[in-house]
Amino acid sequence: MSDIFGRTLKVAIFGESHGPAIGCVIDGLPAGLSFDWEEIRREMARRAPGSSNLATPRKEKDAFEILSGYFNDHTTGTALAMEIRNTNQHSKDYSELKVKMRPGHADYTGHVKYGGFNDYRGGGHFSGRITAPLTFAGALAKQVLSGEGIYIGAHAAEIHGIKDRPFHPMGERAELFRKLSLSKLPVLDEEKGKEMEEAILSAQKEGDSVGGIVECQICGLPAGLGDPFFDSLESELAHMMFSVPAVKGIEFGEGFGFAGFKGSEANDEMIYDEGCVKTVTNHNGGILGGISGGSPVNFRLAVKPTASIGKRQHTVDISRGENTDLSIGGRHDPCIIPRAIPVIEAASAFVILDSLLTDRSETYGR
Amino acid sequence: MSDIFGRTLKVAIFGESHGPAIGCVIDGLPAGLSFDWEEIRREMARRAPGSSNLATPRKEKDAFEILSGYFNDHTTGTALAMEIRNTNQHSKDYSELKVKMRPGHADYTGHVKYGGFNDYRGGGHFSGRITAPLTFAGALAKQVLSGEGIYIGAHAAEIHGIKDRPFHPMGERAELFRKLSLSKLPVLDEEKGKEMEEAILSAQKEGDSVGGIVECQICGLPAGLGDPFFDSLESELAHMMFSVPAVKGIEFGEGFGFAGFKGSEANDEMIYDEGCVKTVTNHNGGILGGISGGSPVNFRLAVKPTASIGKRQHTVDISRGENTDLSIGGRHDPCIIPRAIPVIEAASAFVILDSLLTDRSETYGR
Amino acid sequence: MSDIFGRTLKVAIFGESHGPAIGCVIDGLPAGLSFDWEEIRREMARRAPGSSNLATPRKEKDAFEILSGYFNDHTTGTALAMEIRNTNQHSKDYSELKVKMRPGHADYTGHVKYGGFNDYRGGGHFSGRITAPLTFAGALAKQVLSGEGIYIGAHAAEIHGIKDRPFHPMGERAELFRKLSLSKLPVLDEEKGKEMEEAILSAQKEGDSVGGIVECQICGLPAGLGDPFFDSLESELAHMMFSVPAVKGIEFGEGFGFAGFKGSEANDEMIYDEGCVKTVTNHNGGILGGISGGSPVNFRLAVKPTASIGKRQHTVDISRGENTDLSIGGRHDPCIIPRAIPVIEAASAFVILDSLLTDRSETYGR
Amino acid sequence: MSDIFGRTLKVAIFGESHGPAIGCVIDGLPAGLSFDWEEIRREMARRAPGSSNLATPRKEKDAFEILSGYFNDHTTGTALAMEIRNTNQHSKDYSELKVKMRPGHADYTGHVKYGGFNDYRGGGHFSGRITAPLTFAGALAKQVLSGEGIYIGAHAAEIHGIKDRPFHPMGERAELFRKLSLSKLPVLDEEKGKEMEEAILSAQKEGDSVGGIVECQICGLPAGLGDPFFDSLESELAHMMFSVPAVKGIEFGEGFGFAGFKGSEANDEMIYDEGCVKTVTNHNGGILGGISGGSPVNFRLAVKPTASIGKRQHTVDISRGENTDLSIGGRHDPCIIPRAIPVIEAASAFVILDSLLTDRSETYGR
């Protein structure tokens, strides 16, 4: 079930970087939802390549077509399918990569798994391009959540050692998230943003790339979403996030920082605030026992440097069974974070909407 | 599906800390497997309370009974069920906790989710005690994997800022993992282990607790396990790990360290080594594109300090709707890491066996 | 996932006829439900052996114990586990059956599937005894549905060629279903019931058994439950019903009778009745396009004669690899229908409650 | 999960009769399979309208395009997506049907379920047209099974009371199935076929339709596929079959005929035949305890008369809330069986391949 995700709301994604089309089928969207397609296109454009000097200059419009499930400007309640035709494929760029395994990519693991039958052109199904349908599905979810007062934002918390200041753990305003979403490199501290930009462009000049950390925040979430154990909100979010290429770590709240904490520092004390139960702090990232507590859900993702680099690397040629080296030509992202941010926001939204819909059956009778 | 996990191999867990019994049903174990029950009991004992001065002195034998699925010393191929009777319940210890929400626990989030119907005694279904059936299921998996030459070990990589040295990223020997599994606080550097022990006992004296980091390594895994996107090995392992109470972060390979890396440093170059493709380094923790590459799978888990502490904390009394404070009496773990380690090893084993069994259908025809 | 069923409401069953215990884990029951345990015991007793002269005289109390998920007389919202200890096992009765495959049973197919590791005592996991936990799970569902005004009944529509009159397709009263549930052989026409009883007892005398048809009706179901295609109400009910041993056919509404119908006879015309849309007839068994329409759901199940018979039959001895014959001694049901009826009602209830809970997420926003 | 089916092999279908496209995503197809696309097109053409005087004269080429998962003439191992553009839509034919609920159709049940948001044009997602992607997915499965020596055939066992002779329960030859697949109305007895044809054309003249029974046989299946209880082969096949519009009943082997059998007549005795265990008869349709036994799997499906008829029927106008009547114009199938047969064969193949792939993990170690 590699290409299908979800409990109540499900998405099946398909496609290869250089095949005829990529897309998705979304099953479980309730009937009667209406979408602002301009806004969906805007979210897709944030992820698309060619949008800024920080990303690959490849131009792909990622124009999507709705194939089913939307009628008279509303969801029908049955599967909503979408496709994006692949139009800007440079197949000849990738011919050498059939036999030379790119370090840091899934070329070799995919080759073994699929017995050599995988589509090697541009990474095939492993391509970051396949996050476009995921972004689409999540962008729909984001709009539904917005109607519930739930909003999601993310920023580059760190790029190659340069750190932005963090979101306030008790939550930021929707306006800030909106503003960030319009930026080519969303940060809170503009100065740090400039330094990050320089680091990215400098890596690009060297034919290299840089990694970083994305911080994501989900505000407005009611208490009670998620489950203990296997469907904990942390489990579901982490499951989804590690589906996003290049993500290599996730931490909620203080995360790895807890290693230096005592219990008396780590626990979020509770108080009544205007008749509502609140936590005074939010070290736990809004989730306890796998269930949301009403505070914002905060998590951070480690994003590794783009694996495609121009610098020459040692690798193997599997057709000859010998060692070789490789410089990956073509147009690559010197840092994937600017384009990963909308994917991460969208993917989070999908998980949260799935939890929200699942919760409807869990709260039967109330 | 909160209490059911798995794709091909599934486990359903049940129970509350103070109910009649806890246990699990395992569906999908192939027929004809034979287990060394003494070894299973040994793994269970590693997790059980009362085993060392670093853990709660509560004595629970966690004696399990097989209810089905095992006949003539082999699995039958149908559901294997197990139960552990709860025998050492101090219900009166918990009466105050019905109304006072313990900070850092799921008392409040569970109360909201279940509309006040949750079993509040000892955390109910949120209790760490429910990891006993998970440890059982995973210990079975561990034995099956052992027959495939796959072995798993973990150690306390850090406790309250004191750091052990890491596993070698290219893999440790099975003997080391065996030796670690016999230790009450598994570490590589004995000196650091003593410091950690002091930190734990010192926190205990203050009525406080400490957090840390567990490093886990899976050796002997063949290349080709896992899938791109939603069933990536990272997704599956992370999903499971966030089901273990107190885990608040996971990183694979360099994880958050990638934020300071360049691509040329992060990519693992490949070479032929005695005719086999190997990576020279293992920054990516043995997984690329969600699929194992043949190097050990390395990951680290952030474990927060035990939420149950004797120190007085501010919280709410939901029966009176007012603020109050609370000192949690009774017998608690000043650091959960020594007891979490066997759970983490077992839970990892369960995920890997599930992937191995899933892979059987994926490699049909080969 | 052989032993796990359900979409939103899930049940995992376990156990073998002669193992220590049988039982189930139910995941997805909303919190706050309260059950009348006497009524559950009554439903279990309807299925239990030894209750009438029409069933095997084996005495099994099928006394169940709740292990988790029920606290302060309400469901907690987490997994509800139940076990029944096996107490009346006559293991020696079954020793010959280790090697002689009983015709009409799963002895041989199970032997092949599980490579000879299956528990052969009393059919092991294939035993009809494993329907006890299913009956339990369904009896809980039945009580929840009852609170929604949904009630379910079944009767012996036919036994060995003797036909009872059918339920009225537009629905029967709850009182009739209650009365039927108190009968050892539920029929509408008492005369036919006596004939059936004679046919059963006559077959028993010959060391033989008889088959028949069960008709089941679900009343009070609102329109809109179920889905088109793969989760059609018919698909879900049929899936469950073929899990009940001895069921070999299912038909909804006119079922196989449709083969002689014209469209103008088969279609259920619609009218407004006191402002509500009604069908004039109910040939389609209350389901169109996989979705309930508000009329009762009617279906009939073919139940084959009990495979265990005293009459001598040709079969194989797999230990010697030669032909042999076999007379199955011991105490068997000359007709399984009286004991199958409560299983069928309960299993139906489980499916309907699952649909009802699933519907809660599908109707989000309404 | 209405639009997703399968355990190890999964298919997600999408589309509406009058939307831009219909199609499917198949997840879990092993890598390295090669398909004869001409043969797939032939299977699709059997289902397509306009192919004979017994079917609707609507012309739809059902030309499919592979969007992903197939590269260098082999499956890649990742999701295989397919779409069929809708080209021959007569939207204006259906305008009246927005408000007048067609008896026997899902118009009303769909209207209630989806709160009026369903696509009402041509039945929308309820249209029989959506079986085209299912036929596609199953046709792929059929080819894979063929390589395993498993072949599937079906014929019109009965149409409007006229009965063809049955398949031999111990199996027919692949050549017969091939021959049947080339016939516009597959029957064993040509004379009966002519009578059936007359009955169909006669009903058409009256503006009416007729129902019937399809018999399907799966030959060459090894013993050991399927599972006890919830994933019994009967459960899986029935689940799938009730997803095919117009199917209202299924019976395996003697099915409802068992109601007149004694156990001694119903049990299939076993013998050694050239060293292999065989059953002498095949009353149980090749399945015992949910598991295949090596004999052919035989089942029969009740297919109701096409609901779309020209004859005037009483129904409701939901826009006015009043009774009305309706004559459904346009081009309809006077009997759906000729076009349902390839769907049924394909759908069966999908289930069997799913079982075969699932079995690979279940037989781990053997």
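Order as written gives the chain letters A, B, C and D; numbering starts at 1 within each chain.
The rule is simple: a contact is a pair of C-beta atoms (placed from the backbone, for glycine too) under 8 Å apart; a residue touches a chain by one contact, two chains touch by 3 or more.
Computed from a prediction, not measured in an experiment: that's the story for all the values here.
Shared contacts of chain A and chain D, meaning chains that touch the two of them, come down to B, C. Interface comparison, B-C versus A-B: the higher count of C-beta contacts falls to A-B. In this assembly, C is the chain whose CA centroid lies farthest from the centroid of chain A. The mean-CA centres of chain B and chain D are about 46 angstrom from one another, to the nearest whole unit.
A separation of 26 Å divides the Cα centre of chain A from that of chain B. Rounded to whole angstrom units, the spacing between the C-alpha centres of chain B and chain C is 39. For chain C, the set of residues touching two or more other chains reads 1-4, 13, 28, 31-32, 77-78, 113, 115, 125, 228, 362-363, 366. Residue ranges of chain A in contact with chain D, taken from their complex: 1-4, 10, 12-16, 19-23, 25, 27-28, 31-32, 65-69, 71-72, 74-81, 83, 113-115, 117-119, 124-125. Only residues 1-5, 7, 13, 101, 103-106, 108-110, 112-113, 115, 125-126, 130, 158-161, 203, 206, 208-213, 223-232, 234-236, 238-243, 245, 247-272, 275, 277, 279-280, 284-285, 287-294, 300, 302-309, 311, 313-316, 318, 321-323, 362-363, 366 of chain B touch chain A when the two sit together in their complex. Of all residues in chain A, only 8, 28, 30-33, 77-78, 228, 356-358, 360-366 touch chain C in the complex they form.
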